[in-house]
Amino acid sequence: MSDAEQTPTTGPDRTQAGDGKFGDYGGRYVPEALMPALRELEDAYERYVLNNQDGFWDEFRERIDDFGGRPTPLQYAENLSARYDTNVYLKREDLLHGGAHKLNNALGQVLLAKYMGKERIIAETGAGQHGTATAMAAAHLDMPCEIYMGERDITRQRPNVFRMKINGADVVPVTTGRGTLKEAISETMRDWATTVETSHYVIGSIVGPHPFPTMVRDFHALISEEIRSQIQRETGDLPDAVLACAGGGSNTMGTFHHFVDDPGVELYAVEAGGSSLAVDEEEGVAPNSASLSTGTEGVLHGARTKLLQDGEGQIVESHSVSSGLDYAGVGPELAHLVDEDRVTPVNVDDDAALEGFHRLSQREGIIPALETAHAFGYLEEHHDEVGETVVVNVSGRGDKDLAAALEETEERDLANAPEMSTFAGGL
Amino acid sequence: MSRLRDAVDGGSAFVPYLAVGDPSYDESLRYVESLAAGGADAIELGLPFSEPIAEGPTIQEAIVRALDAGMTPERFFEFVEDLDVDVPLVCMTYYNLLYQYGELDDGEQRPRPFVERAAEAGLSGFVVPDLPAEEAAPLRAACDEFDMDLVSIVAPTTEDERLERLVDVSSGYLYVQARLGVTGTDVEAADRTAESLDRLAAYDVPKAVGFGIDSGEKAADVIEAGADGIIVGSALVDIVAEGHEQDRDTEAVADDIRSLASELKSGARRGHERRVPRAEGQ
Amino acid sequence: MSDAEQTPTTGPDRTQAGDGKFGDYGGRYVPEALMPALRELEDAYERYVLNNQDGFWDEFRERIDDFGGRPTPLQYAENLSARYDTNVYLKREDLLHGGAHKLNNALGQVLLAKYMGKERIIAETGAGQHGTATAMAAAHLDMPCEIYMGERDITRQRPNVFRMKINGADVVPVTTGRGTLKEAISETMRDWATTVETSHYVIGSIVGPHPFPTMVRDFHALISEEIRSQIQRETGDLPDAVLACAGGGSNTMGTFHHFVDDPGVELYAVEAGGSSLAVDEEEGVAPNSASLSTGTEGVLHGARTKLLQDGEGQIVESHSVSSGLDYAGVGPELAHLVDEDRVTPVNVDDDAALEGFHRLSQREGIIPALETAHAFGYLEEHHDEVGETVVVNVSGRGDKDLAAALEETEERDLANAPEMSTFAGGL
Amino acid sequence: MSRLRDAVDGGSAFVPYLAVGDPSYDESLRYVESLAAGGADAIELGLPFSEPIAEGPTIQEAIVRALDAGMTPERFFEFVEDLDVDVPLVCMTYYNLLYQYGELDDGEQRPRPFVERAAEAGLSGFVVPDLPAEEAAPLRAACDEFDMDLVSIVAPTTEDERLERLVDVSSGYLYVQARLGVTGTDVEAADRTAESLDRLAAYDVPKAVGFGIDSGEKAADVIEAGADGIIVGSALVDIVAEGHEQDRDTEAVADDIRSLASELKSGARRGHERRVPRAEGQ
């Protein structure tokens, strides 16, 4: 029991699950075989998550506090504040168990699966962040767990694979296609389509068919619920701006949710600009992951949303220096809020993100995830446009990224990289 | 009038599937024509999409080969036009490709441009596994306009109250999934088939059963259990894959395809014969 | 501002700094040149830490909460509790910023150095845990920082070296002798002896000359202060036993401090039994780090304490599978509490520690540091002797140990290791 | 009566240091004897300890070589007994070795056994850099019993109120640290020396200044500044280290040691001559 218990657990807005539509976005574009599972999940979501049946939400709150380490602090960033002459506050999701915001959702869903009487957890993972969070949650709740992961990703992310395995999860290599996240998603859908009656598929961001985008957002909305009361306690007021990096958008919507109805709070979703914002149609590659900034409407992985596609509707391969942002789609709710001008989509390129990584490490003693670093890249470039008080979500810690950060830093001529010659040849 | 309904309504229809452009445009043309030669009553032509979430590994790999060989929606329509077969053709693909195709005229709604082009190319209908009935109205409207069918997939898990909606929105035939899961041949084909068909008996629409059928015997069993037709994909794609990997002669592969097609078709007939006397005996 | 602020910050027992003696242990066995610096430090410790002059302690509490993530949760460990039929509570120091309890002390000392007007931080590190914590604290407080580290340790601990560097610290390779922790300590003492007037030496455990053992313990005593109120809130009572692993003993004394005067609470210091408890006099090696269990009285690194030495008084090389416990000495206060029968020194060998590592990972979804894993090795073997309620301090997370855990697991035939063949050849 | 006081009290004493057993027992014997031959007035013999926290890198490496070659406290005493020199010898080591040595008789206190054995071997006193005055009583008592000296080190940072205590507990001479830091030769030797000596003027005990002296000229400067003697370690150990690394002939190394010793001793004499006329002139 952390001292968090003294904070009232208000829970998500106990309204409706909604119909899964955010304007025209969202929906449930999935094979018929999965429909009943989604309806069952929607029902469970309404009963347990929204209406706290059998004390689900209370149990979730207690577990995410005691096992996960909530509430996470909102820290005044002295050195950045001085640098920018702006009050910069950091929401420290990097301190959550597992090292990123991911656990909020993974724990919520695994617990929900338990309430639903499911016997088995499946999930897919690309870089391994969602996979490790799910494996931890499954171990904590004593649920068998299988994680699908592309064969190529498995070789690139061995430490995360190892973490999942020692947490007792089975990591199932996916050998079809190019052996990356896309194929792992297909394979997990396939497993789920075969085993829906006993398995729950833990989707890792606010993407996929209804009710996933809404439900995943509710689990992560603890972030903005806490920020709201923390910043008010500290400054007596709401912030002028809130920044969060956006891949699928789970930490983004988690950070924004409780501010959406406050028009005075600007919301910035910082995407990965990669090496360029253009799409190479010939190669089927977009060297970025900026689907909010540059994507077009389409249907991917069960939802209508903004995505990176070529002129014919084939999904292109996205790219980012941060593997956790490297996804061609984005949550439908976020796509909608961008269309409504409520959320401002912005992006910074790989170089700016790496400089953000080094800046936060050197000046604040916090090594951020490369995903998170994008938000700090944006802050550096636009600090004079964000008002007097800005909250940045530190969505994860960078320990998982040390090797990548080294390699990418060595290849570039960054303004603020430390001397790295000792590390020639990798970590 | 529905060409698809007519094609499947005979009681022992054989509806094979191949991914178009696998492993190349020309080979694929030959293979699809062999299906017709082997006795197909209608053919499902897979238009490759980069994220085929409803497919098993066999068809997923076929789609990757076809994409790598340059298949696109436009090439797909040319393919249909180049084809020399006289059975109805169904386009099987994912909604995003329908949705993105072509330019919209004033007041026009997606996916009308795709449907218009498909009709012009000579296709008779669509199967879109990731398009739920709830979102199917615009496609349905365009199908009606161009006299095309929209085939719905019914899963073993589909609840009864949902069946009505699926039947409502669809035409041509119902694609009845024999078992849970995705396309593939690893599980006993007649699983739950009888049960599923029972639930559908009240609906006056032909039912073609797919998923897991890979031999004349299984085909016979499924038809005997009450299906109006069988849908076979992975077993045929396997022949294409093996031919490609072993660099076999196109004609030899086409022969094998035709011969499996014939086996499946006669299995279906056999099943029909087995069922009809029994039906008469009741 | 975390919600921790609602917890009253009682601070250390505001009594006396004491004379640095714990029975016969402790003292100040250092070169004369350092004496004035130690007296200056003692004076600063009394004024700022004990008497909260200029609001030092308040500032420390606010920073350790907001930057560090205190209070850390006390979590009920459901699965272990069921396994042992005993209420097992986990104190989650692994959730502290940096991944171990180390930051409590590093942040406290760097802040104190700032209050003292020092301009430069120096520290030594073996495995890199104390070095990374110090580098983070120094970046946070904008202080130049140099970390001495043996050349051999630098090659063995590259990720930690990288972390220190990206936090802006200088890592100074020590090439004398065998290039490990001992030489790094000598080198840092040497630097300090030369630069005492402007530098502060941040010692990393409750070892060294007075006032370090007392002061470092006070910074870490937040751990037991929190446990005490958390467990009382949860159970209405004190625990029957408290377990913590012991290397130098900082997390141990931090975990024990507020229970020392409660005779009903058994305190177990779990040392590294290594591969054997014997000392090989010929080789000058003790293949363990069990100085409390097997060591003898002597003088090392500025204090009289229990230590691992040969019959002539030469310090032997210690060994443990966990580099953070791998030290030949132990804090004098702990040595004294053992002599007084207040603390029970116990130990488990490398194998039991590795099994503890896998057990906590698999059953609770928490990958512990290999140091921490020793406590769980002990709990497994003696769970029926620890009473009905036991608190175990999870002193750190295991992310730093993945490569070592893999290698050591592969070499052994452990009862509960996951299948590891995918990882042949390392991470 | 103190042999050490007598040895250092002449006003220009030369007190060299070598680590015993570096790089081997036999070579070390020769080198120490060369120091005497070169004019040493007393010799500090380093008994190697595994954690020499007060030493600079030069002497630390010497200690590692000596330990690797098998030096132990018992061998150290044998070494002292084997030595053929007629100047007083000081044992310089860390407290743990004194503390652990030997078995205690009833009522006996450590480190008496070590002191007893040292006296028997012919040593005249001790320098123990990590033993503070506060903890020195048992050693002091044993020294008194066996008529040995305990030399205290005075640092430039030592506060005035602390000086008294250091002087109180010590005997023989005071080891005055010329600068902050540890042993070594990298900094100007006369730094702060005059200042330190000024502070000590009131105490009637010879002052030997160490840290950083590596040439006759520096030796002269330090003595001229008021020291009664100079202590030289690293500069001599450097010769041993170089000889060992380059595998030089023992006698050649011994010659170099003797010649640096002579240079230092004559530097000290020169400094004394420079100071005495000046002192007279005042």
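Think of it as A, B, C and D in the order they're written, each chain with its own count starting at 1.
Rule of thumb we're sticking to: contacts are C-beta pairs under 8 Å (C-beta built on N, C-alpha and C of every residue); 3 or more make two chains touch, one makes a residue touch a chain.
Only a predicted model underlies this, so the values are computations on that prediction, with no experimental measurement involved.
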item	value
Fewest hops from chain A to chain D - one hop per pair of touching chains	2
From chain A, the most remote chain by mean C-alpha position	D
Between chain A and chain C, centroid-to-centroid distance (C-alpha), Å	33
Mean-CA-position distance for chain C and chain B (Å)	66
Between chain B and chain D, centroid-to-centroid distance (C-alpha), Å	97
Interchain centroid distance [CA atoms averaged], chain A/chain B, Å	37
Contact graph of the chains (line, ring, star, complete, other)	line
Residues of chain C touching chain D in the complex	27-33, 35-37, 39, 176-177, 182-183, 185-186, 189-190, 193-197, 284, 298-302, 309, 311-315
Of chain A, residues touching chain C in the complex	1-4, 6-7, 65-67, 69, 71-76, 78-79, 92, 94-97, 99, 135-142, 154, 158-159, 161-163, 165-168, 171, 230, 233-234, 357-358, 361-367, 399, 402, 405-406, 418-420, 422-423, 427
Chain A-facing residues of chain B, complex	49-57, 60-61, 64, 67, 72-74, 94-97, 99-101, 129-132, 134-135, 152-159, 162, 166, 177, 180-182
